[in-house]
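In this document, chain identifiers A, B and C correspond to the written order of the chains, with residue numbering beginning at 1 in each.
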Amino acid sequence: MKTLQISGTMAALAWAVLSLLALPAFIVIPVSFTDTRYLSLPEEGLSLQHWRTFLTSREWLSSIWQSLWIATVSTAMAVVAGTLCAVGCWRLSSRISEHVRTAMILPLAVPTIVYALGIYRLYVQLDLVGTALGVVLAHAVTGLPYVVLTVSGSLSNLDPRLEQAARGLGASVGQTLRWVIVPNIMPGVLSGAIFAFIHSWDELIVVIFIGGRALFTLPRRMWDGINDNLDPVIAVVATGMILFTLLILTAELSLGARRTESTPAA
Amino acid sequence: MSAKPLVRFTDVSKSYDGKTDAVRTLNLDVQTGEFLTLLGPSGSGKTTTLTMLAGFEQPTSGRIFVSDEDVTTVPVDKRGIGMVFQNYALFPNMTVGENIGFPLRVRGLARAAIGEKVARALAMVRLEGLADRRPQQLSGGQQQRVAVARALVFEPRLVLLDEPLGALDRQLREQMQYELKQLHRRLDVTMVYVTHDQVEAMTMSDRVAVFSTGLLRQVAEPRRLYEEPESLFVAQFLGESNALAATIAQRDGAQCKAVLPTGETIVAAAVGTCAAGGEADLVLRPEKVALGAAALGCTNRFPARVVEATFLGDQLRVRLMTLGREDFVIKLPNAAGQGAIEPGSAVEIGWRAEDCRALAR
Amino acid sequence: MLSLAERRPTGRTAYWLIMLPAVAMLLLIYLVPLADVLLTSVTDPKPGFGNYAMLFTSSSVQRALLTTLRIAAITTAVALLLGYLVAYAMRAASSRTQRFMLFCVLLPFWISVLVRSFAWLTLLRGSGPVNNALMAMGLIDEPLALVRNETGVLIGMIHVMLPYAILTLYANMRGIDIGLVAAARSLGASRLQAFRMVFLPLTRPGLIGAGTLVFILSLGFYVTPALLGGGKVLMIAEYVAVQINDTLRWGLGTMLATTLMIAVLGALWALSRVVDVKRLFGA
């Protein structure tokens, strides 16, 4: 009586759609172990040749390195600025701060191609095209919405009187932030950090425009690889990216589990 | 009431998990035209019984008949039973009028006929003029009336009500009880009502079926249920009872002598299989106990000491130490000439043999 | 003598100050570039709305617009249909199954669009596993053209958009009291009637929200159409990139980008008028 009814056929169809949703990406895993020289499933047996090519290629390795540290630095910037901003909006909760919070979401809503054109034009003038600084800044600002959203989510569960109590007991704004607010919203901050990191790690369109001749993050090198020649090494890269994403997400999920456990029953 | 039942449950059992029975071998008749209440605490099986009758769940075993037709496997929409839900379940996407017209619309009635019947149903629950409102715009009591009108509009022979007044405050609930009862009388429809509120059950019903732990304990008219409970559960669930564990020493037709662990002998009415040597619970309503001079003519008389007396306006509730216990309760009407009863004072209490029922364990 | 508290910024000022870094970042590295795009669209090659006139005069611009609208519309329709089915099945499933199904939806959601498009390219190629399997089963004699055309783009885009549709619809369906469907049935409605007259109308906000969301996200797609369309299916975003990278027509490119942005933000704004966007996403 309390459950919705669904016919067997419909349920089977739904599961078919779900598997078409979840499974296709994983084709790159067997393909990365192909024993052929072209993009196909293994024919005679498994081979590590393309993994070897990937792991000995200076270009691919430098791309991994570049992607990693660009993502790390831009995430750090997004997390610090985004968290402070979310806390400010939460505490002030005025009309203007509400507008600020809405504006922070803009990078999620505006199509990336539009921003890519704009940032390219700006960087040409500032001579930042092809620099790591340029990419870091662009990824930091487009990573802001993730942090602002998750931190705001955490803050909405936080009693505003905590902040007043801390201030009333003589804590400065900085002390209140460090000892009272941030420790209580840490799960939200970490979630935001994870999403901002994945965002930078996967980002392609902006890098295509502002990467110039020097900067080839992993997605960009993969993009060029796909457009030049469909090489099984790309399947290796794709496999690596999937595994890396899954790793980060597992961290996020266990964070989420901890979060629901530590939340007192309402 | 005609002799032929409208609804008949025969040996109906329902298990959700295959291990425990939510309802066990239920045999119950609902008479045509009666107002029957299924009463019990939560988890007693009353709602499961209603749910099976409505057709949302099917019995694990046993059959259900409505008007001699086996409806056990008839799908819910083909049973033609009106139902009022706990939280009203009014469709938020429809107006009040559309909600009430819903059962008619799915039955393919013409628009004009629907309009006419909806108007009549609205008038019946005194909601004329609210047809174009949304359910969310109505008060709780009004929503309740819409739900009732919707369950009655297609003139079902049987209407089920699942704790329909639970969400209302006390005053409104009492008014709705009265209105529902009026509707029942006027429309000559059979109603099966689920509640856990014993006062509600007593006020409204022709008969009450008491459930606990999946078993039907007793079905009877409210008065009979109160005066002649057949089990300790019924005696304690409906109103208040003093219960004393005892051993039957001797049975003599309708009467028996029972001995308490503390040695006293009590003469009581023997119920059911109560026999000499057997264990029994003696149940006694607090208001059946007389105090002081009034106790003189009683078969059972015992000394007692007052522990606490609470003034409740129309009555005095007195807790006594007697027969080896400290929670023996009696209720005395606030009659003229009633003296004060001081804690600590020694008194004599007494009751008639027929007011104390010995229920075999 | 001033107390310590009075010399420090007061509470509210301090909180305005800590918002400054993010606001400055957004302003300087986000809003300024966007404004520049807007400005360029009306100044390059010469001031005026000449670029915007091309929306009505240039057949290649119109072709790209039409392609974009068509693909976005088909993607939206299919994603809504399949998404509704999955969301409904999730709503009907036990809470444990629901969690597993949610995991199946979120899994691809977090794998990069580039990787997923590449996976589809691998799967659907002429000599890819799908065509090979179909030929091995004797269902087809020669490989089907599944990529480097609109079919490929649609498959890839539906795959990317489906989680958005499912999550939006599911959040909406979770808020619906299932007792209403039971009530409808007990009042004589068949399964289909109960669905059509009660459940479906109650999911309307979800359908509107999911539809708008998928449609506007589809408008700006670049990677998937570029990879799976093989350059033959030019949607707006790729068309813009081509203008900038190959022909250096900044005026045309920024005009189309501006148009795209206005369309997307306008649609989002309109959506926020109709339904509570925050509630839609279960926030």
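Criterion: a contact is a pair of C-beta atoms (placed from the backbone, for glycine too) under 8 Å apart; a residue touches a chain by one contact, two chains touch by 3 or more.
If you want to know which protein each chain is, UniProt gives these names: B = Spermidine/putrescine import ATP-binding protein PotA; C = ABC transporter permease.
Only a predicted model underlies this, so the values are computations on that prediction, with no experimental measurement involved.
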item	value
By mean Cα position, the chain sitting nearest the middle	C
Chain pair with the greatest number of C-beta contact pairs	A-C
Chain centre separation (chain B, chain C; CA means) in Å	57
Distance between the centres, which are taken as Cα means, of chain C and chain A, whole angstrom	17
Separation of mean Cα positions, chain B and chain A [Å, integer]	60
In chain B, residues with contacts to at least two other chains	56
Sequence positions of chain A contacting 2 or more other chains	1
Interface hub residues of chain C, defined as touching at least two other chains	179, 182, 191
List of chain B residues in touch with chain C within their complex	54-56, 75-77, 79-83, 85, 87, 89, 91-93, 102-103, 105-107, 150-151, 154
Contact footprint of chain A on chain C as seen in their complex	8-9, 11-12, 14-16, 18-19, 21-23, 25-26, 29-37, 40, 82, 85-86, 88-92, 101, 104-108, 110-116, 118-123, 125, 127-129, 159, 162-163, 178-179, 181-182, 191, 199, 219-220, 222-223, 227, 236-237, 240-241, 244, 250, 253-254, 257-258, 260-261, 264-265, 268, 283
Residues of chain A touching chain C in the complex	1-6, 10-11, 13-15, 17-22, 24-28, 31, 39-41, 77, 80-82, 84-85, 87-89, 91-92, 97, 100, 103-104, 106-107, 109-115, 117-122, 137-138, 140-142, 144, 148, 153, 167, 172-173, 177, 198, 201-202, 204-205, 208-209, 219, 222-223, 226, 230, 234-235, 238, 241-242, 245, 249
Complex interface listing, chain C residues touching chain B	177, 179-180, 182-191, 193-194, 197-198, 201-202, 204
